[in-house]
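Here come two complexes built around subunit A, the first alongside subunit B, the second alongside subunit C.
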Partner chain A sequence: MAQTLSAAGKRSHNPRFRLDLIPYLFILPAVVIYVVFNLGPVLASFFLSFFKWDLLAPTTEFIGFRHYDFILNDDRFWNALSHNFIFLGLAVVIPVSMGLILAVFIYEIGWGRVFFRAALFLPAIFSGVVIAYVWKWIYHPFAGVLNPTLELIGLGAFTQSWLGNPKIALYSTFIAYTWASFGYSMVIFLAGLQDISTDIFDAARVDGADFRQKLFYITIPCLYDVFTFVITLRIFTAMGVFGVIYILTGGGPFYSSDVIDIYVFRMIGNFEMGWATAAATVNTVVVVFISTGFIKWREWRSWSS
Partner chain B sequence: MTVNRNCYWVKNLALFMLLAFLLGALSFGAVVAQDATDVLVWSLGYSGDYNDTLVERFNEANDDVNIVYEDVLTGTFTENNQKVRIALENEAGPHVLGGVDVGANLQALVSTGQVLDLTEYYRASGLIDRIPPNLLSQVTIEGRIYAIPQNMESVGVFYNKDVFAELDLDVPTEWAEYIEVLEAVKDAGYYGYTMGLAGGWPSALMASMFMYSSAGSEYIDVLSGTQPWTDCDNCLDGLNAFYGMVANGYANPEPLGIDYDQSLDLFYQGINVMVLNGPWFIDASASAEPDFEIGFFYLPAVNPNTDIKTLGGIGGSLIVAEYADVDAAFKLLDWLTTEEIAVQALREVSVQPAFSIDVPDDIAPLTYQIASETAANVDKIGFWPVTYLPPKVFGDMNQIVQGMIGGMLTPEELLSEMQETHSDYLAEN
Partner chain C sequence: MEFLSRRTRRRLQGAPFYLLLILATVITLVPIIWVFASALKSNKEIRENALALPQEWRFQNYIDAWFGASFDAYFFNSIFITVTSVGLVLILSSLAAYSFAKMRFRGNQLLFFIFLFGMAFPLSAKLGPLLSLMYELNLANSRFGLILVYVAGSLPFAILMLRAFFQGFPQELEDSASLDGCSRFQFYLRILLPLSKPSLMALGIFVFMGTWNEFFQALLLINEDSKRTLPLGLTAFQDEYFTDFALSFAGINITAVPVIIVYIMFQRNLIEGITVGSLK
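Up next is the complex of A and B:
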């Protein structure tokens, strides 16, 4: 025991131990910024959700779980959350699939690679607000381009009030979201594809593998970790979607495209800070649960296989 | 050599005198500046240019009070309300502020002691005799007055005079005549009623317009929570009339597919013939430069026996922060509430003042007509629903009205949905 203590005492004089602190010093500014601007507000929001406070009153009243009780019994909260889940289900399939298909397309073609990469990534560099306004005019029932285009190509039966029909308003906003987001998935997949050794493809070609076999037996399995990252990213953006829906429909008509962030924003706008922070906390828990569960599942599958 | 030395001496003396003069001037300026009391202002309640003009004119005319103007209220109403609340709470906001929403917003500021009680100021300045009692009631909380209404808004129908002339239509004064006009306009291939409700706004206001014009002050009881929504049969009649605008093809198609601004474009383009709007529309429509003349009339009442003629209210009010220098703030209020400033507001920004003034007849005809009609009907104006409804319930009402227009709710179901939403909120608070 005495020897152990003595050894521990000597560790602080070990130059290697002192050197190990340096990386922590380097990341300290980032950690401080993260704690102050990210973690701090999340914790403050969680803390505030137990108090009755309307943003103005200098005093707050501790009311325990009453806000959670109201939120969890509010049909409109569950309606909004269910729309987030629909968005999530679509977001992990459509923009991800589009990103993969386009990444493989760009990877495979011998010419125009730079052009297509830039052109297809272009929507992703625009602000969500700009994209929403562009789509607002695309969907415009009188001046928009979508309905006339459908009529022009013989699909007049599909013309719609894209944002005014409560049955499809959510899906219309999803199309705008997809347009803004598939580019990110595409460039991440493209980077992943470029990491796969060409030797594997060469060997497959020698063995007579066709395009389909290369895609399903080499490309997709080799992009396993990239898929995990891209889908996790989609989980975060789909559960936190706000700008596109807020500008296109404001969550309407009659809450048909409402999502949690708009629900929270509406509460904040009405100075209902307790309800807003309670709803935001529930959403955070759901997002953490889904994303952590997904990552753990992927790790388990990777390990078990 | 001697000459040169004298030159240097003269130069040095001149330089010394110049420095002394500058120092003296700076000291004098500092003394003068110290005498003037700064009044921080974020808005005087008018559009940007007129705010600037007012600040400039006041500072030129007053040595002892100096307005320091900060243009920070650049967001939406909600964002601006949040900024004001937080700033006042921390005593870091304006000393005098114009354009403040009354209703729940003013109540919240008063409940936490952020704004000054102006009751004595009203009496001392004589303002109490110049503001109509029904406006005064909107800024009075528990018997004390906390704000000065700056302008009066009344909503009515702006119409395309050229189309009315083309179709040989007269301005309707009764509901049946209004329906005849709508039918005639529809038969001629136009849309009579402009409706753009995507995003929610202004669904609740439009529905309220019709409920006021049918239920009158009974609707105020409903909004105040003293009468259940579901017991208001007159409100139901108003809602049916509103829904009839869509169901009978009087309104433009796809009212939920376009927003408010996009719907106004239909009016400017001559596709829609009438638009329900407030006096601010005079300036907005002038900027859009339509190639037709615009007229105005009040929406005929759905129920001829209603005691409320139209929807409207106070567009904005002046408040004084609790921490402001009272003498300086009151000097500014004295100046802002003069008839001269009120008339100038009418001329420059088409704002109908809330103070009793003689409407000048040398202003634009449309402005004159609306100002005169507003002044003549000031006691028959039903206030904005958000004056009575909590903001959350008002926000929900925007969505619920969308539900009726989209065919997801019947007018009866709308009233039930509103009753549930309103009573849930009141129970929780």
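Up next is the complex of A and C:
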């Protein structure tokens, strides 16, 4: 008893144990806005996907997995998700390798680095809406520029309805996405390249390494962590692609370019909030699983080698 | 080749890279140049020859687009929403990042982790409940509501970036300031912020671009024409004028030009904002 008293007495005299409110006050405004308008809705989406909704308002009626039952048996949900996977597979290869090659080229030249970096990054600064409308007009059947160009260079056989053909609409939207995203990979790779010590490249040159050898034996291994970051960024953008497809095709024709965010948006628009939250939760689990799985795999690989 | 100087030889070796880069730049920029050129043509010219350059420059298209739609309102809304959001993000994130980076308190790690947690989710994960919350709080269809959503969305990245930057500040700086009777808030205001200008600038431009271009949440939360931002306004405009080719092109350019201007002015800050976050 006496011991606890003296301990308590000590505690109140020790300045380390006095509750200092200032650190919390500095964080408080950020926490409030973040929790109310970001984290809160994310967590609510998960919990409320097990409840019945009345138009826009959740009710207290717990219905278990009933929304999930609908979503997981909905062909359109799997159709949309499979298109995200196609996007993902293409996005981690095409814009990433374009960005790497262009970054290496810019790094190799002396004069004009800033110009080429700025010019090649330009499409990446636009809103998805601007990107989509630029490409909507490029693909346009009468006013568009793609079909006449193909005819001009003797590839007239390839002209077609780029956004109207269900077999290729998704890939047409992917081209617009690539145009707007390789610049991101490029500037990040370029920054990574400039962090590599020039001694390594000098040594390689003395040893007579050619361009290809430098690329595969120095540049790419040195950029290991940068690759991880660039690809993780692509995972998020490919799984969350919305604006470009929403405007170019709206997910059509016949749902041939539908993706999960358009699916969720359509559900919300139809006041099917239960289905929307369930679909969003499944998508979240998939995205978190892929992204953390990928990052862990990369960490494990760099440890084990 | 021996008669050439070493410098010239090295330059010649770079020639293939220059050629390929020029080719890539042309392919990348042609769509933009084409959209600018088409905005100066008449509908007839566009329909008859999409590839040709304008015969005479019709700036009238821009005037018609600007006055035919409410682009002045969209423009003002975008400016107001973006500038307010950027200001709030910078203030709130620098305060929080200072606390996370430099102060010892119970729950520091946990609270920081809670912020990081928000970066792991796709945007669609919050949309349903966000919409009902905004209706509940009377913040749906409101510019102020959209600002709060944008600020909340940018805070995790902003705090992550500034915390890493503030951690690099020497502790002695703060110790000597506090010996001179400087409170922590004064230190933040008078020393930390002025010394962090380049980082705040990079972060600010990065958040500016993201907010200015945002479409998905604005589409969900705003449905009154007078409150639309530029990306939203452009979709409404294109839906209305999709048969008027020239006006459509002019509308795209009106939306794109402000971003191009900001990009030309702050190119370095923007790219720093992108790469600093990635390489830390």
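The rule is simple: the second predicted complex is superposed on the first by the 261 of 305 C-alpha atoms of A that agree within 3 Å, B and C clash if a C-alpha of one lies under 4 Å from a C-alpha of the other, contacts with A are read in each partner's own complex, and residues count from 1 in each chain.
Basically, a contact is a pair of C-beta atoms (placed from the backbone, for glycine too) under 8 Å apart; a residue touches a chain by one contact, two chains touch by 3 or more.
This structure is a prediction, so every number in the text was calculated from the model and none was measured.
Trainee: So, A:159: does it touch subunit B (first), subunit C (second), both, or neither?
Mentor: Touch status of A:159: no partner.
Trainee: Check the residue A:142 against both partner chains and state whether it touches subunit B (first), subunit C (second), both, or neither.
Mentor: The answer is both, since A:142 touches subunit B and subunit C.
Trainee: Which partner chains sit in contact with A:252 here, subunit B, subunit C, both or neither? Use first/second/both/neither.
Mentor: first
Trainee: Could you tell me if A:119 is touching subunit B, subunit C, both of them or neither one (first, second, both, neither)?
Mentor: Once the two structures are laid over each other on A, A:119 reaches subunit C alone.
Trainee: Using the superposition on chain A described above, determine whether A:228 touches subunit B (first), subunit C (second), both, or neither.
Mentor: Neither: A:228 stays clear of subunit B and subunit C.
Trainee: Which one hits more subunit A residues, subunit B or subunit C?
Mentor: C
Trainee: Where does A:30 make contact in the superposed view: on subunit B (first), on subunit C (second), on both, or on neither?
Mentor: second
Trainee: Under the contact rule defined above, give the subunit A residues that sit at the interface with subunit B and also at the interface with subunit C.
Mentor: On subunit A, the residues that contact subunit B in one structure and subunit C in the other are 56-58, 136, 142.
Trainee: Help me check something: in the complex, which residues belonging to subunit A touch subunit C?
Mentor: That would be residues 20, 22-24, 26-27, 29-31, 33-34, 36-42, 44-45, 48, 56-58, 102, 105-106, 108-110, 112, 116-123, 125-130, 133-138, 142-145, 148-149, 152, 179, 184, 187-188, 191-192, 195, 226, 229-230, 233, 236, 239-240, 242-243, 246-247, 260-261, 264-265, 268, 273, 276-277, 280-281, 283-284, 287-288, 291-292 of subunit A.
Trainee: Hey, which residues of subunit C end up touching subunit A in the complex?
Mentor: Contact set of subunit C toward subunit A: 11, 14, 17-18, 20-21, 24-25, 28-29, 31-32, 34-35, 38, 46-47, 49-51, 92-93, 95-96, 98-100, 103-105, 108, 111, 114-115, 117-118, 120-133, 135-136, 148-149, 151-153, 155-156, 159, 184-185, 188, 209, 212-216, 219-220, 230-232, 234-235, 238, 245, 248-249, 252, 255-256, 259-260, 263, 267, 270-271, 274-275, 278-279.
Trainee: Along subunit B, where are the residues that touch subunit A in the complex?
Mentor: Interface residues on the subunit B side: 78, 82, 85-86, 88-89, 108-109, 111-112, 114, 197-201, 253-259, 262, 266, 271, 390-392, 395-396, 398-400, 402-403, 405-406, 408-409, 428.
Trainee: In the complex formed with subunit B, which residues of subunit A make contact?
Mentor: Touch residues, subunit A against subunit B: 54-58, 70, 76, 136, 139-142, 161-166, 248-255, 258, 266-267, 269-272.
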